[in-house]
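The structures considered in this document are given below.
Presented sequentially are two complexes of chain A, the first with chain B as partner and the second with chain C.
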Partner chain A sequence: MAHSPCDIWTLPALVTGTGAPFVSFLCTMIFTRRRPRLSCGLSIGAVSISFAASLFLLVCHWGMEAPIHHVGRWLVSSDVNVPFGFLVDPLSLLMLAVVSAICLLVQIYSLGYMAEDPGFSRYYAFMSLFAWAMMSLAVSPNLLQLYIFWELVGLSSYLLIGFWYEKFSATQAGKKAFVMTRAGDVLFFMGVLLVLVHAGNLNIVEINGIRGAEGYSQTIAALSAILIFGGIVGKSAQFPLLTWLPDAMEGPTPVSALLHSATMVAAGVYLFARLFPFFSLSPAAMSLFLAIGTLSMLLASTMAMVSRDIKRVWAYSTISQLGFMIMGLAAGGYFAGVFHLTTHAAFKALLFLCSGVFIHHFGTNDIFKLGAEGSTRFKTPFLCLVTAAGALAGVPPLAGFFSKEAVMGALLEGSSPLWLVPALVGVFLTAYYAFRVIFVIGFPGRSAQTPTAQSRLFPSEEVHGIQAAHYRVMVGPLVVLAFVTLFLGFAQGSLESFLLGGEGRSQGHSGAVHGLVAALALSLAGAGAGMAWWEFGRKGATRKGLVERIPALYRLFSERWYLDHIYRFLMDRLVDRGISVLFLQNDNRVIDGTIDGLGKGTAEGGRLLALLQQAMIQYRLMAAFAVVALLTASLFF
Partner chain B sequence: MRWMLLGPEVYTFLAALGFLGISLAGRPNSGRDHLAALCLSGVGVLLAASALSEDAILFSEVYRVDLFSQVFKLLLSVGLFLIVCICGEVREIREENRSDFFALIFFCTLAMMLLVSGNHLLTLYLSLELSSYSLYVLVSLRRARDMGVEAGIKFFLVGIFASALMLFGMAVLYAMTRTMNLNALNGALHGMMGQPLVLLGVVLTLSGFLFKLACFPFHLWVPDVYQGAANEVTAYLAAVSKLAGMAAILRFVASVGQGGADLVQVLLVFSVASMTLGNLAAITQQDLKRLLGYSTVAHAGYVLIGVLTLSASGYASVVFYALALLVMKFTAFLVVVKVAGNGTNLHINQLAGLHRRSPVLAMALMVSLFSLAGIPPTVGFTGKFLIFVAAMEKGHFALVLIAMANVLISLYYYLLVIKAAYLLEPEGETGPIAVSAPTKVLATALVGAMVLAGFYPYPFMEIAQAAVGVLP
Partner chain C sequence: MIVPFGHLLILAGILFVIGLFCALARRSLIMILLGVEIMLNAAAIAFVGGSLHWHDMEGQTIVLFIAAVAATEVSVGLAMIVHVFRKTGSFDPVLFDLLK
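Showing the complex of A and B:
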């Protein structure tokens, strides 16, 4: 068999592509921390290499039939063999390309956003770590390796969320993100162990190849699927572990862009897609996932309706869109979920990066203030923001429209078309809150302008102002992403045949039903946008949302359905006052006492033995001789 | 005629002679000496690597060149090269003694190369003595004569004491079997291991190797000598000379030990005593070199666990651990040498604020100590893991438990050092430590090697398994 250049270069491309950011992370942390320019050059160079490599791989393997494995042995313990290596299949290639592209754009954007930050080098080091972890996660061939990088993704997002560690809220948010996702990860790891015990190995391809009949009982399959899904719930901020994501907005905005589009939260959905055939084994579990996805989507949408913080609105929308992807996947729409993941990565990154321009300039996150201070003066970012919001709301012909329709189609063909109802409600809510932001910023009503706004219309360049060079650097990635958002939708057909390995989609329902659903979704989105316009956009609008007029509902939504309060209450009552008191007593009395005793004894022993060394050499030699003599004497008896 | 058979030995001998010549010629020039040593030892590494596949029994079967010996010769050459790397300015050794210093470490390495190839009790004894004598002198060379000479004398006294016991043991073995060749002993001792006299001979013969390995009860020299010798010499003692001791004890025990249940008991006592004593005594130490000395004693105990399994997997784990020890110990001493810039001994408190004075050295110190303590994913963890697994396979459950407890104790004093380097604030103003770029690269490479070999030990494990495959 002749080897084409593609076959030969696949492995080197994988190694350099995924390894380059790690090298840059190490170099930055060790050598170039005091040289910000060199650090960002290294980091961007590395991620460019990754991007080039991923593009090369994508082009090379376009239309591949069988997944390619490159594995080496890592650990062998009796009959459990844990390899490490790379798995190349359409899904991992697509993810690799998305991750490297978004990382590259965000890092370029950060040149402007993070300029003159004292932690510039550290920022780029963590960004590299993040990129490395996420890309390696994408190409992991087995669950253990995936789990390792899964945790590394969690770690690097913790580092980046708490990047401004002088700020108390930032460290708190970082901690919250870490702890909440860890809660899910524990379940994930238990699921991995369950799979290992019952399937004998952790190879993703083999796990996906399991069929019900092969001695793998339905219950075990469902249980391990649900446990693994626990990790997805944590990582992708689904109900009930969704409250960390809005708090994670404490990090720099480019970090949020990265976190919300291609890395971290996307990791959860990616894992779902990765193990899709395995999850499909248990319909009961899939129904549960569908319900969780739906619930998260609706909850988060309602929260987004009332938030005045632009980043938080997008954060809630991320939760709701992730819920939407999970709905699509859980309904059996493998391609629909992955496609929505891809398009969402583009427009969500765009949303955050655009908002970042405004936030950076005006120094506030409040949409009303942003509107009042004239954010529309930044033409390009604002246009991009409109494009992205349109994509989020599902306006044709933007990318979001196509992927949402795909998910709708999946739901229609899924177990029960009834799930379409909440999905359609979600579409309406999404359009409403997306355009609420646009109208509030785009049409600042006169009433909303604060008296001081006039004087601050041209804020001094020194304080928050963006220097022209920085601005240009930040706008570049926006334009690229906007174009992607505009045109990615048209790649649906080719992406679908790539991901599904050439199989056409099976048409369960007639085109007419699909058309009906599409029309319904479109009109609902239009209604949502229209309502937003009525309340915020038109002249003389009250600029008060529907929900805000019902105080009880408003409180419920803005307090995030009191989820945090409930958690807090449970923590206080159950953990702080209940379990931990008992543990504390055990710790103080039993463990500390024992350990202290042991420690003191050990230290005393050490002192005594060190004293031996003080003796004269003759006595020491005598001691040594005595030992040997005693030992030999014991041999004779 | 295969010239490469004795290539590394002959080459090292010639290099040592060269330094003797320089020394005789007078006109000390330490820069020139260092450069020459660097080049010579670098070429030596390549030579040892290229001689890796040689295989022969020479000189009426007293000298054996096989994969086992060649792997250790390569490790010794690498160790020598690394040591030479940090010997740029050996402040604690007088200018006029520098070329003697290089000559002696080359001679010592030569002796250890002979030791790992020894296939006859007398070869083993002679090469052991040759290496020890070089070390006695090296230790005494310290500029602060009282310290160096006192340490040298103690070293010498314990050394000749161990030698005497070893010779006596050899005599007993010869009396019982009429042979001193290891291969012949292997056959002759078959079924005789139950006899007390044979056992006495074996145990007493071991004392020489235990002395080399710094194992209880012949560890008495270690703290004083580590403290008294110049930093570079201590580094050589700790990192390189232990390699030869491990190789020799492996070859000896593998040849004579089969079926010796009582021998296992004796080794078990030595092992437990060695690690417990080493770890406990290290806790109270304030001098970093002395602390590392006690940690060497403890590590000798871990090594003995692998030896006393009397199984191929145990031997392989010892070979792997030899590699691990070389890298870990050397890295720790690299930091000692560089931080104590003027060559004095290093107090633990002097490490305060190291992470700011030199981040690279602080990181190297941290990783090497974590590795010595056996924290994953470092090479020290993998090494200990392999040893413990081999011991468990042989059913030494209690022993592994004791060793684990010891690992725990050792973590305490390693962490004290790391705490000093990372958390304590220096008392007075201390400027940054000037670390040259090659040193930075070296430290980073060592850290990378420790983590990488801990993460992916397969290639090294395979080499170790192949190496012990030639042992009887």
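Showing the complex of A and C:
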């Protein structure tokens, strides 16, 4: 094969692309902490390099057939060989491009948002670390390397969520995110070990090449898939471990945008897609994943229906969209899940960045206050917000519509079309809460209940006024993302053929049924939006949601289905009263007992030995003579 | 030698046992020292007897050494006893329990 420039430049592009943010992180931490301008320049420059490199790679390898490996030996232990390097295939290239693009836009946006923050340099250093970890994760050729960067992603999100560390709630939220994801990561690591023991290596391509017949029993495959899925549950905030994500809103808004679109939570879904052929070995595990995805999607949507905090609404929607992706993947729709991940990255980043403009200006997260203060004055951000919310709800020309239809199609073709029912309910709920936010912010003052009086008590604008220059910097990325959201959907066909290795899967299902489902989803989304309009948008609307009229339901939803309470209860019962008590006893009896025993033994031994000396002098003399006499006697006999 | 060697050994043995009894049984530091002294002399008698019996002068050399050791021992021992008496006002060995 002739050496085209693409082949020669692939490895350098990979190395510089993924390495540049790390270099910028190191430089910022070591040299330029006191010079914010230099720090942000370094960081943005590095991520631009990454973006350019990933675009170059994407263009070069568009339509590639076989994955490319660039590995060096890193760890050899008897017959286990763990290489370290890069894996280039359509999925990792797509992810690389998405991550670097979102990182670049978010970092540019942060120039305005984080201006004059005392931790400006630190912020950019962590952003670089985050970008580096996520991009290296995307190109990891084996599970161990992936796991390392997986943890680094967790670390940097912890650092960024708790970025304003003077705020107690922020440090708590950072800790919660770290600990809860760690709970899943333990399972993930156990799964990795199980794979290592049974498959003999951790190479992703080889693991994906495993077939059921090759001495890899069904139960082991299912068990390791479920264990690895534990890590995905933690990272992507799925059902049992979902409460860390809403709390992660304590970080700066651009961090939330990054965290929710391309990096932290996307890592979980990315891992699912990465190991998709391996996961699909065990249908039982896939059904479990499907159920977990569905459950998370519905739970999070209901939570989003009642939240008044704009960032939290988007956080819940992230959980629910991630659940949607996992549903799509678990139903067998590899492309559908990845495509939704891509489009979601664009519109979710847009949602957060738009909200960030309002939050930055008005200093509040409450949607009713934001509406009353007149957020619509910011024309561009508000239009972008509407676009993104439309994409979230699945309004036709926008990106979200196409990817949602793809997921629906996957569900339709999957094991049981019954899963479509919760998905359709989810579509309805999503449209409802997305447009609820739009209508509350967009049509304020139509009812007497707007809390203007209250907001005048807290004139937070003085703290957070936006300067014109900052505003322009922040709006730029919004416009770019809005255009991506508008047009990304039309790239579906080419992306699909790229991801599926040029095959371009034929539309197997009947067009009529699919069209029906699409129409149903659209009408449900319309109904959701309409209901939101009826309750919040129209003239004389009560501005009280359906759920808020049923106090029990409202409490249930706003307390997040009491999940945190259940965790607290379990922690009290299991950890504080069960395990800790055992540990306490172990500490008291075994450890303290051993040390006390050692001390007491020495003292007792000393006392025993002292008996030889402390008796009267004549007894000792007697003993000495007795010994001599015995020795003498032994000479004779 | 007119006295048979066996008799000498018996005398030495009797003296040694008397000294041992004195050193072990009497409750007085002076008597303990005295008993040790008697035992040393019993050993010296046995050495002298042996020296005559085998016509070897080394036995008598050792007796001289024993006499020197005994003299030293008595002087040091008496000095210690005097010191102890000043401290405790008694010759009772039971009172030496500072190591307890």
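Brief remarks follow.
The rule is short, and it goes like this: the second predicted complex is superposed on the first by the 566 of 637 C-alpha atoms of A that agree within 3 Å, B and C clash if a C-alpha of one lies under 4 Å from a C-alpha of the other, contacts with A are read in each partner's own complex, and residues count from 1 in each chain.
Note that contacts are C-beta pairs under 8 Å (C-beta built on N, C-alpha and C of every residue); 3 or more make two chains touch, one makes a residue touch a chain.
Because the structure is a prediction, the values reported are computed rather than measured.
In the superposition on chain A, A:Arg607 contacts chain B only, with no contact to chain C.
Counting the residues of chain A touched by each of chain B and chain C gives the higher count for B.
In the superposition on chain A, A:Leu621 makes contact with both chain B and chain C. Once chain A of one complex is fitted onto chain A of the other, the partner contacts of A:Arg34 are absent, as it touches neither chain B nor chain C.
Comparing the two complexes, residues 610, 613, 617, 621, 625 of chain A contact chain B in one case and chain C in the other. On the chain B side of its complex with chain A, the touching residues are 153-154, 157-158, 161, 165, 196, 199-200, 203-204, 207, 216-218, 220, 223-224, 262, 266, 269, 277, 280-285, 359-360, 363, 409, 412, 440, 444, 456, 458.
Chain A contributes residues 610, 613-614, 616-618, 621-622, 625 to its touches with chain C in the complex. On the side of chain A, the complex with chain B involves touching residues 30-31, 72-74, 599, 602-603, 605-607, 609-610, 612-613, 617, 620-621, 623-625, 627-628, 631-632, 635-636. Those residues of chain C whose C-beta lies close enough to touch chain A in the complex are 20, 23-25, 32, 93-94, 96-97, 99-100.
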